[in-house]
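Below you'll find a set of structures to go through.
In what follows, subunit A forms one complex with subunit B and a second complex with subunit C.
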Partner chain A sequence: MDRDKLSVLAISDSGFIFDPVTGHSYTANATGLRIFELLKEDKSEDEIKSILMEEFETTEDEVSVDVDDFIENLKKYFLV
Partner chain B sequence: MKIVVAVSGINAVDNPGPGTGICKALKESDLDIRTIGLAYDAMEPGVYMDNIIDKSYIMPYPSGSREAFIERIKHIHSVEKIDVIISALDAELPIYMDIEPVLQELGIKMLIPTKEMFKTRDKLRLKELAETIGVKAPEYRSCTSIRDLHDSTENVGFPCMVKGPFYEAFKANNISEAEGYFHKIAMAWGYPIIVQKFITGDEYDVIGCGDGKGNDIGVFAIRKMTITKLGKVWNAVSIKNEKLIEATRKVVKGLSWRGGFEFEVLVESSSQDIYVLEINPRFPAWVYFAAGCGINLPERMVKLLLNKEYETNSNYDSGKLMIRFTNEMIKDIKDFEQISTTGET
Partner chain C sequence: MKKEYIKPYIKKQTAGIMNKFGVSYNKGHREDILGIPIGNFTDKFGSPVFVLSEKLIRERYRKIYSHFSSKYPKAKMSWSYKTNYLDAVCSIMHQEGETAEVVSDFEYQKARRLGVPGNKIIYNGPYKPIESLKVAFQEGAMVNLDNFDELIKAEDAAKSINKKVPVGIRVNMDTGVYPQWSRFGFNIENNSAFNAVKRIQHSENLYLEGIHCHIGTFMLDPNAYREAVKKVVALMRKIEIMFKINIKYLDFGGGFPSMNKLKGTYLPPEVSVPPVEEFIDAVADTLLEELKPDEYPDVYLETGRSIIDEAGWLITSVDAVKRLPDGTKSYIIDAGVNLLYTSTWYNYKVEIDRELHGAYENSVIYGPLCMNIDVVVESAFLPPLPIGTRLILSPMGAYNVTQWMQFIRYRPAVAMIMEDGSLEEIRRPETLDDVVGPERIPEKLKKFEL
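Our next item is the complex of A and B:
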């Protein structure tokens, strides 16, 4: 996963994300925003899942699906 | 003393010319400019926009007599003392390239491409150009008959783009649609008609101005967010894309481009490869977007031509939106009478 792209994205607290290279914009929910933050902090996917389990008080299965899906989407949109 | 700049393409209609955007940018520059509109029809909206165009004149069509065209400019020059002409229409560029030495003798300056540059960016030579600047060009064929069209669409496949030599492009999903567009475009703009492979992706534009020595005097890039049925940008967002800017600068350097330009590209969704679609040899209708973001290319062009100091930076913010809108003006029939009967406002 190439995380360099994350540093150029303009991410607002409302969850609005603007990619200044492609001009595309996206919206993310609170969980998505948190995943962005953790990716930018260079956390591994496993670390992100553990942190989210703790913060959102949810199961490993649920978190795994959400994180995997979200990262797949980021790849699909060439954001990582 | 005011600088007098004559600008063509003041047809701010559904297929808008760049003239009114250029005049708006000039009026917002730090120069004291008198803008002269060069119209081809009394109903061109710019003729009536006296907030940005100080006076307008009707011109003879560029496809007509060269002498009549020169005489008309000489007449306007005798009244207005024109310093600079900014040509903003593809169809009139050949005559301006032809008469530029005559205009120079009159003291009128222009920054336009040479005939060789104009030919190199021709839609039919995109492959060569794309190779030179390290991007791709969609597969295309040139057609001058229905038989050519059938052969070309068989080769390129459907859907495909059917494009005119100067303006207009339509997506055709089958041969009957392609034939319809072929006739429609040929009737309006003549031949050749270009059949181009359709590529799924996002359309981007970079505009700028070359000094004729291989340098740009500023570039500005956008992603088209909404386009009209005629393929014209309606809404756009400014972007900072180094790959696009680098490709644009290669064009400017490689051709020693002289004048305004619009570099139209498509980035393929699946591969992110850049495909060059067109290089328009003039500013586009949305040129004011760049000026509004601090890259006032018409102002820089005028300053360059008049040997004044000009900026060359391309420092602008990404994430600025251009929202185009429709508007109405209420004028008196006397305004129409004036331009229709005397050929000037």
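Our next item is the complex of A and C:
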């Protein structure tokens, strides 16, 4: 996973994300933004899952599938 | 306190294609069917489960029959067994006064077993074994012949029971729609229908009583029925004059559409499917225009799909979520194409059992079969679905519980919501014994060691 790309993204608190390199824009929800923050803090995928479990009312199984799916989406959009 | 968890999503912003009709077919949720919570069905009967409504079936039938009979004095309806031949369904139809329209010896036997007298059965279809013809003739069924070989077979059957029996002929014709259904019956334009009548009238064991046609399926143009009525009435006149006989009945079959969405159609069914009254009007008005009052024959409709499709649902559960390599979201549910024969040509309406938050995206819904073709819905616009979410697929009342096949899993229960709101299991889920019952193992194959 190439996290360097994350540093160039403009991310607003409301979930609007702009990529100045490609000109594409995205929207993410609060959980998605939290994952962005944790990725930028260089947390591993396992660490991200643990933190989300501490912060949100969810289960290990659910968060594990969702984080993997979210990161797959980021790869699809060439954001990581 | 921990925060509420909403599944993470990110969506690329694109200038979308506008939907000028403002209808999103696969969007919405429903927590109940006719007031009964979705969970009640799966708790009681398991998942997946087909659900039918007695009330909606009866209401729809009465709407169609009352419209037809208010327009044409000798209106009759016969229940198309192949559309849904569960005993409970057929019993509702027979209670309402419909006779049985069958297309095979199996369906004939099923109707008789249910208590339908032979003379209240219309026996159609392109293949009728001679033994079944003998029984049908003995019992006074209305038999509509499909081809010349069958005509000769019918003659043999009647001869073997020393009777001269009435028959009808099935005819086909150009009604201006494509594809023209020409494989069933005798063609009117090339004179094959008239030649069949000639052959029947020269027979010592057969005589003609009726003309039957069925011009297609899921017809979207009522005008095709006008054309069919005109051509059939013209043929009837010609026959009556030439052979000095009276045709007792005309049968215009079925083919009226339901509110399902055909694959490949752009418009939603609310826009593309004409109301059923337009089809009945096309038949009845044209009959009244073409016939003199003293020559009204009995006229049958064999409407199936249009009566029952919207009275049925399938409740199924999400078992797994998967992101495909191209980024498409996909779900695996517990009902496959083996249960949903009609998924080949319909895009079902997909509803979820609760309100869910998150970004909607086009998703593929796969069944549980270990087969690449097991795609139940190619594109459903859905929010992120947690495992266990129940999906309600509809309309589901027509053809699925007759064309389904047992393949690697048991066929599920079929439940009926009765008029008083109670729930009945009208077909229990299959068991291993149901499946292996007909099998026999040759003696030498009975033992093996691994």
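Details
One rule holds in what follows: the second predicted complex is superposed on the first by the 80 of 80 C-alpha atoms of A that agree within 3 Å, B and C clash if a C-alpha of one lies under 4 Å from a C-alpha of the other, contacts with A are read in each partner's own complex, and residues count from 1 in each chain.
To be clear about the criterion, a residue touches a chain if its C-beta (ideal position, glycine included) is under 8 Å from a C-beta of that chain, and two chains touch if they have at least 3 such contacts.
None of these values were measured; they are calculated from a predicted model.
Of the two partner chains placed by the overlay, neither subunit B nor subunit C lies in contact with A:40.
In the superposition on chain A, contact of A:23 is made with subunit B only, not with subunit C. Judged by the number of subunit A residues each one touches, C leads among subunit B and subunit C.
Applying the stated contact rule after C-alpha superposition, one finds that A:3 touches neither subunit B nor subunit C. Once the two complexes are overlaid on the shared chain, A:78 sits against subunit B while remaining clear of subunit C. Where the contact sets of subunit A with subunit B and with subunit C meet, they give residues 24-25.
Note for the complex: subunit B touches subunit A at residues 202, 204, 222-223, 225, 237-242, 267, 272, 318-319.
On the side of subunit C, the complex with subunit A involves touching residues 2-13, 321, 323, 327, 358-359, 384, 386-387. Chain contact summary for the complex, subunit A toward subunit B: residues 10, 18, 20-25, 78.
Residues 17, 24-32, 34-35, 52, 54-58, 62-63, 65-67, 69-70, 72-74, 76-77, 79 of subunit A are the ones that touch subunit C when the two sit in their complex.
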